[in-house]
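As written, the chain order gives the labels A, B, C and D, with residue 1 at the start of each chain.
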């Protein structure tokens, strides 16, 4: 019995998830081929679509990394949602109120997002290491608290943009969308006229976030595999007792781990503000960024590059999904069903093994009986 | 059919992947006998018994019970055939009571669905009375000593009508007194016509409890012997395939300066009861101080405190004159402290890490294993290769996961790590628990080498043999207090045994 | 004297509201207790609750019978749980991964099917008959006992289920067996118990309970399903189960505590000029504070979350 | 997908996160577009949004589909629509519930004088309360909801200065249980009529009314069907009319771009529900009709936020 390599497993699971999706579509009376064709066409239609996929994937990469990082260190971070909210809020406050030249403003705004997310993560870490409060409970609670903090802060006069339910917009110096404010000036528009491909991409809020996300992937991979800190975090994750016995200060590492996980989710929020939304708005409900991160982390086997790939995959579905309704009248919830099925099949390495064995023995029998 | 064997295994073969754990083994168990199984770590003893008990399915092999072929596809089948097994790692639900554990799966009922606790408790008392296995039926398992837990395991098998009782390394975790009790129980069971299969690494026990003994080496049966016609040396060499040295040479006792000083140490256990009551001692460079005593007399607390995992309620500890103010394993390591933990899987190893990674668990932050926070994978690999070679860790693969090693080899990894970097002080807790004689010899030699190199060693062991073999001085711990410190020369099993039972130092 | 009556009245109101808020959580939290007692983590409670809420509302809408709806809620939750059981128990899947999958599938299916049978809408229409109230009209309207006792039948069912679950787990043979596979599956296995079957019971029961939790929301607290109806309650129930130290009575207490905090939020909000967002945080902050106060560490069943796979050979 | 002739004007809309059949203003908008398709021969379509991040790409995909006019439904899309309009001068855009300071020529903001309809239902509540106490449940406080809130307050006050008004925000647009509890508490504090402007929270409000057999007032659409005996009236926002009207102008070659269009009573943008006559006595209905006329004539200017409400109160004295 050979074990399936992760890549094959992922491939099979994606396929199986798509098949389940197709079955659901068939059952509901839709044509699955047309659906998938639309999905793919919707994603590969034009350069702007690739750009949108990257834009959508950026926060997923980072919240996915956040959850994956925590997983690797033995913690279950359900709190990426709240950390994302805090990061977005922190970055917005900094981007709005601290005027600086872009060279400083851009990185420091990111840092503000990172720090706010990290602080929010650290709260859960401290609650766990100091009082033994299960991080699953505390992060669920902290998500809601973050949401209401966001809503309170956004309503503060002076931060709230008049006549809106959103904050003021960050200064142009903190923006990271390519050619940010310039692209809508007359010169910018003239330039775009002459560059059809670039123009197509510039129609989208294409931004540097994906590059930052890639850097984060590399850094996390490096941290986990190549540094003493990462080694120790993993050791704590696998076996707290052994780690403590060997002289690792476990409580401190729990806090560090949650803070770093929070930093990644906070960065996700910050980049979204700097690159796309430029503001934070009152939230009527959880947006699901953190929960999507859990899915991405799981599909990516909590490996940094796996997370990256999973985020792209999810980005494709998220971008293609809404096109199903206008084209074919298919409810976009089919995307959720496909995602759920993919994750489900990923959770089932056993089923592939069983299938493979059944297949082998079946084939074996046939060979034998044909003799 | 009166003289058909109670149990007969024929042609048992069991493979795990490419590994042949049992190779065509025959085994015959007579009614009323104690049959010992002997073999090195990983020889295949547990596997064979797991097959007989239906936990595993053998690739080939047939089972005969009183001459009749039977099929055993699950533990339930085995129990139905009167085969019971007490596993090496207990199969008890820690948070259930003794009575609940006893009846699980075959519960006495009221109204068809309700658990009849009273009947269950009575069953514990009745069976206990009959076989001399007295345990409080309402006690929760996790509050019981290992010895008592073992009694529950045996009761469980008896409750299910076991006629053949398999005991897998029952004595590895018992105190001498408990081992003695177990011997009596085993004899009583045999007197009742039951058969006992006893797996153990302790040759002395085989000689004193068993009627016959089957030796297995690398999955193959070597021989079955009448115990009355053999001796330790023969058994040992059959088992490991070479002669075993029972007594190691040691350099003369040349103690140096005091390395570890413990003064008036007080501590509470997890229930808040006084576990250490003003314990004082010192360990000098170049000596092995053994702490002897029956389990549960404060050893766990002493070890936790020394390893920096727990704060004492009173007292002082210093290493090389440096006072240790608060629990901090990290700082202890800087002072040249190293330790072999009691529980290798829980505290000793990160099972999901590779062998090489485990070997640097406590030293990864210092050169050469890392510089400025970055790992030096090359150095870690080289270190692994060196230790695998030096400690004969099998399989010799630095990137194998620790979880894939047998217990004996896992222990070697822990020991290799503890002895690295010329430590000033080693605290060794039960360093040979569950190891075969060959491996024990190896570990003992390694510890003695450290002593000879001037290291101070504190050995905590429940094995008197081990204590007598290794120690330069012996402290007997009883109810959290020292019953006196004995020199190697004056310490005999008798003297120590009395002190361990609480008799004051004469 | 006057003030005493007012306070008594307020107290009754708070108790009543606490029950209203906590009943869906109690169902689902009990589900958490049952599944984790058998050693299976079920983070998919949220998804099961959502699907249950939808199934209950749509069946109650089409049949005009709330009890059929309630039943359907349980069945829907149970079916989804069967999937989780299949993955975790039969195939040794990671419990968290499978649970997250369930959290995609539950709401996804609910909304997808809703669109198909409710003319493209993600919310159902109002059910003609809701779960009835008990003690309706027994006491004078808005009197002390009326405020406390006149509650949806689901509130009483939830409370009764706490006792039932407790009794089954701690007093019956089945309960002993269920708990044994959560603590030490190998031990249960070596005694001839079917670990797989017992765990499956636990997981499916948890799905049924979560489905009922959803139904308690969609056809008792309100009268239809909408996409935001459950938003997060499954997770809160999960937290309550941990808070309640994996016991039915502890979980009940935790759910009541949370319901009370939500009730206080409204009570204080209608009386004092406290910013709404601060009040809205109150239940979550209180929970953390109480946990900080309760130093005692909870212990989950020992083998919780670990896959148990018997050696299988072809 | 509908078959239209290729020359038909294509108009599409992006819903906000409620989805197209939200039985609220997304649905109203879609009904308006469908009416335009039927009567004006335009070609209508929509895309739904799952979260805020969907707005921008959804707008893009509607541009890809060569729609001439693209609607954003709901104030949350304000920024996204604005950017799209600035970036894509070749397309026309419009948004519901948002007003810009500087509106590009290819963009229209449509706002509703929700306060006017709220004023009318407030007036009905003020007249019909038997207990002298009424309530208002808001979702999350903000500009749009302020219109409902203060318009209602003004209406109640206008009907009867003595009526006490309870007000509570749910800090949510989905937490139906909270809507229910707030409403129950308001009833307990003596209110007999509660108006909500709180989306899904309103389900709970109406549920509380049904259980307690008191009155609730619906919002956005005629919500009487949710509890026919207990929904007294509803303050309707005729998003459909706005969408239809602008489609009509576009088809007829008049594009009123570059500004904010205000839809009030006069423009048929807001109104009270037709079902109002079921429960409200004719004499009060008649008064309401009078009030409508005065509002349309500008004789009554309904306040829409705290400041204007305070002015209004001061004048009322």
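Here is the rule we use: a contact is a pair of C-beta atoms (placed from the backbone, for glycine too) under 8 Å apart; a residue touches a chain by one contact, two chains touch by 3 or more.
All of these numbers come straight from a predicted model, not from anything done at the bench.
S.K.: Which chain pair shares more contacting C-beta pairs: C-D, or A-C?
M.R.: Answer to which pair has more contacts is A-C.
S.K.: Nearest whole angstrom, what separates the Cα centre of chain C from the Cα centre of chain D?
M.R.: Those two chain centres are 35 Å apart.
S.K.: Can you work out the whole-Å distance between the CA centroids of chain A and chain C?
M.R.: Chain centroid spacing, chain A to chain C, equals 28 Å.
S.K.: On a C-alpha centroid basis, what's the spacing between chain A and chain B, in Å?
M.R.: Roughly 47 Å separates the two chain centres.
S.K.: Between chain B and chain D, what is the separation of their C-alpha centroids in Å?
M.R.: Going by mean C-alpha positions, chain B sits 75 Å from chain D.
S.K.: Note the residues in chain C that touch 2 or more other chains, in rising order.
M.R.: 115, 120, 122, 228, 231, 277, 280
S.K.: Identify all positions of chain A at which a residue touches two or more other chains, and write them in rising order.
M.R.: Where chain A meets two or more other chains at a single residue, that happens at 148, 151, 155, 285.
S.K.: Enumerate the residues of chain B that touch no fewer than two other chains.
M.R.: Correct list: empty.
S.K.: Which two-chain combinations touch?
M.R.: A-B, A-C, A-D, B-C, C-D
S.K.: Under the touch definition given earlier, write down the residues of chain B that touch chain C in their complex.
M.R.: 53, 55-57, 74-76, 79, 85, 87, 91-96, 100-101, 104-107, 109, 113-115, 156, 160
S.K.: Spell out the residues on chain C that touch chain D in their complex, using ranges where they run on.
M.R.: On the chain C side, the touching residues are 9, 13, 17, 20-21, 115, 118-123, 126, 133, 142, 147, 217, 221-224, 226-229, 231, 262-263, 265-267, 269-270, 276-277, 279-280.
S.K.: In their shared complex, at which residues does chain A touch chain D?
M.R.: 42, 45-46, 48, 52, 55-56, 59, 148, 151, 155, 163-166, 169, 183-184, 203-205, 272, 276-279, 281-282, 284-285, 287-288, 318-319, 321-323, 325-329, 332
S.K.: For the complex, which residues does chain D have touching chain A?
M.R.: 1, 12, 17, 45-54, 56-58, 60-62, 64-65, 75-76, 78-79, 83, 86-88, 98-99, 139-144, 171-174, 199
S.K.: Going by the contact rule set out above, which residues of chain B touch chain A in the complex?
M.R.: Of all residues in chain B, those touching chain A are 307-309, 328-333, 339, 341, 346-353, 357, 361-362, 364-365, 370, 373-375, 377.
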